[in-house]
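Paired with chain B in one complex and with chain C in the other, chain A is shared by the two complexes that follow.
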Partner chain A sequence: MNLSFFDQFSSPSMLGIPLILISMAFPALLLPSPDNRWITNRLSTIQLWFVNFITKQLLTPLNKEGHKWALILTSLMVFLLLINLLGLLPYTFTPTTQLSMSLALAFPLWLATLLTGLRNQPSASLGHLLPEGTPTLLIPALVMIETTSLLIRPFALGVRLTANLTAGHLLIQLISTATMALFPTMPAVSLLTLLILLLLTILEVAVAMIQAYVFVLLLSLYLQENI
Partner chain B sequence: MSPRCRSLPGTSRWRSHRVMLLKDTKLMDVKLGQLGTWLAMRDFTPRGILGAIRRGYDRYYNKYINVRKGGLGGISMVLAGYAVLSYVWSYSHIKHDRRRKYH
Partner chain C sequence: MQAGALGGMFHSGAASAAESSSSEAAGAAVSGGAGGGAAWGSGSGGGSGSSMAAAAGPAAPPTCLPPPPPLARAPAPRPPSPRSRESRAAISAPGGGGHRTGRGLPPPLLTAFPRPALLSCPAMLSRLVLRAAPAALRALPPPVAVGVMHTTRPLHTTQQSLAPLPPLPEKGGEVRHGLIPEEFFQFLYPKTGVTGPYMLGTGLLLYFLSKEIYVVNHETAAAACILTVIIYGIKKFGGNVAAFADRLNEEKLAAVSALKNESIQALQTAIEEEKKEQWRVEGRTYLFDAKRNNIAMLLETNYRERLLMVYNEVKKRLDYQVAMQTLKRQKEQEHMIQWVEKNVVQSITPQQQKESIAKCILDLKALSKSVHAAV
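And then the complex of A and B:
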């Protein structure tokens, strides 16, 4: 039989129908569109407050041109946040543990920021490849280093998201397996492991939220440089 | 019927309700014998199914979420249902772990 610990990351399908689309579309059910009332229901109020908060946080550093990206950045943030948090429920599937999905989100958005910069302000964009005040002898090496660092950004974005979530889920599964295995023989040690599991779950909730935030924050930073 | 209520012209005293069409009765009011006919009359086109999903969603939303003091229960039921559904979907995969010694 194959490795059992990684089976939780295999894309779910039932009778040949891939279910990953349902896992990706499910967060939309939790976000009802608010109707035109002055005082909406509690869920809509929380949702509106949260979207306002994110938008203000992300868009304050950007100039007016960058505000055109408000919709995509905010919706990406909410999407990633909900998907990561829903993956912490029992038996659910987290689509962002698939590298394909993280890279599919990171690559086009990063490329868009790069091309926007190259098109609208080419010399300023290329100027980012050489930090100010570098000694003359170091210039060639530094330009190569900065180019590499520029080209590796989408991979870093995608892999950071996937690796964090995958590692978290794997740790949870390992420690819970250890807890269950220790319980018949050494209940005290099992209790200690259970405590570790509890702390880890709290950490995973934090990581889920932080990773979504970092993804979108870095994208907005790349946008700031280029727009 | 009380002798004091007047019968309007054109209606009979004993049949004051109009006959309800089978198509419009709700599921709980359908008699068992009529169930087959009732099911056959339902709209199973994609448009009909989408309409049914929409109506179900609106019913749930207006009952549990779009209320003045909605609590955690409304959304917890959705999340619990999602967890159960995910279990059902992954059951064929998980059942191999039942009698394993080393996971």
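And then the complex of A and C:
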């Protein structure tokens, strides 16, 4: 079937049934479920090692209160990683290209960190709005700027994720369209474009992983400030 | 009814527990029933059992199997004597509930067979359900059986054991080209030989392409690229990742094995130490003998020294006495001599002195004369 450039970004539905839920739940099926065994197969071992690695990385800077966030941060990381990487396969739909999903993940989590901070240590959390050592004249302006930057965080988180992935997917589509279009007439240029596409694919794999990591890392940073 | 039911419980429970592989639950039920049955059965007699059976016969639901006569508790392989047959007929006829003939044939089978009671007297429902669960489940259609399994899970008679788990296979399933299981090739081999699956694959692919079931569009180029990246990644890093996973597992095992080996080593060292100590203990008798000898010698020496000391002391005292006496005698002698001399000297009167001197002069003259004469 002929695809337009934006078909890959439309929420999938079949006979009117929205499939986005399946596409979001599917990555979980790829992970082996925990077993009773002590020595597991290679996939389970690697998964366990990976999850331990992520958890250690994310939670080392946090204090004991922040360790309560271990489950959500780690599972968010694995979720985003898998979704992003699976989206690179052909004919797949990437839920994170939908702004709705990214904002739905970013907003509540950011708000949770903010409210935790305001509740437990209100003066310290408000104190973050003014960096230390600012000249007195600049204080009002700086407070406004910092407040803006604080309030824009969830949008930044969500849009960063969506924009990166959408842009990457769009680029892949465009360049592959160019490759196919050039192939009949100028195969050599087409091969060059294919080479660019290959490099772009490698970049997209990296971006997929990095974006997931950055999302979760920033959340943990916001948490660190506030908890 | 209670006695009869308990009696039946006791007997059939004992028989079935012997042959089935039920766990403590059934065993507890049986032993509880056995205790109750024994108490009741020994308390009541045949008559009371029959009367109770008669009373409860019409009241029991039609699916209830009649309780066995109390004589069923007697040892099973007993040839039916005429007297016992009569008594059994007398008991079983009113309690049969229409189940047996009026002649009252002895039911020898009831004594030895396990009772496949699907539903019994409501008083003992749980225990009978426990025992009869497998047979009952087999009788139900599969979907209902599954539901029943889930709802009656706490009533399972077999022990659900989680250990030891069956070991994982050493290698994963054989796969060709990383995707297609080897079994597929084996499946097609008898009919199409070695190239069969490949022909199938190629044919399918060409079919899809030519019929435009799969349309070649830009996604194909993207698919080619991502597949290249994936396959390259797997080929290059697959072995390393597998080795890493194996190393993680081995480290886990090694840590625990090291613990085990260390404790084994520690215990073996302890055993050797103990053996050494035992060897040392053997030598201790000689040590103690030598020490004992030493001490004996010391004691002897000490004793002798003290004896010597005593002797010396005594001798000193006696010597002192002897010396005292000697001294005393000597002093007395000297004193006596002096006294005698003094007295003698004193007793020499001047008269005597003159006489002695004159005598001496005469003597001297005489002597000198003799000497003159001699010369």
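By our rule, the second predicted complex is superposed on the first by the 224 of 227 C-alpha atoms of A that agree within 3 Å, B and C clash if a C-alpha of one lies under 4 Å from a C-alpha of the other, contacts with A are read in each partner's own complex, and residues count from 1 in each chain.
One rule holds in what follows: contacts are C-beta pairs under 8 Å (C-beta built on N, C-alpha and C of every residue); 3 or more make two chains touch, one makes a residue touch a chain.
Bear in mind the structure is a predicted one, so any value in this text is a computation, not a measurement.
Legend: residue contacts after superposition of the two complexes on their common chain; A:S4 is shown touching chain B, with no touch to chain C.
Contacts of A:K56 after superposition on the shared chain: neither chain B nor chain C is touched. In the superposed pair of complexes, A:I202 makes contact with chain C only, with no contact to chain B. In the superposed model, A:L89 lies in contact with both chain B and chain C.
Shared-chain residue A:F26: touches chain B; no touch with chain C.
Between chain B and chain C, the partner in contact with more residues of chain A is C. By the touch criterion stated above, A:T177 is placed in contact with chain B and with chain C alike.
By the document's definition of touching, of the two partners only chain B reaches A:P12; chain C does not.
Shared-chain residue A:R42: touches chain B and chain C both.
Once both structures are placed on chain A, chain A residues 1, 41-43, 89-91, 177 are touched by chain B and, in the other complex, by chain C.
Of all the residues in chain A, the ones that touch chain C in their complex are 1-3, 36-43, 45-46, 49, 88-91, 172-173, 176-177, 179-180, 194, 197-198, 200-202, 205. Chain C meets chain A in the complex at residues 162, 165, 168, 172, 215-226, 228-229, 241-242, 244-246, 248-249, 252-253. Remark: chain A residues 1, 4-5, 7, 10, 12, 14, 19, 26, 29-30, 32, 41-43, 86, 89-93, 177 touch chain B in the complex.
On the side of chain B, the complex with chain A involves touching residues 57, 61, 65-70, 74-75, 78-79, 82-83, 86-87, 89-90, 92-94, 96-97, 100, 103.
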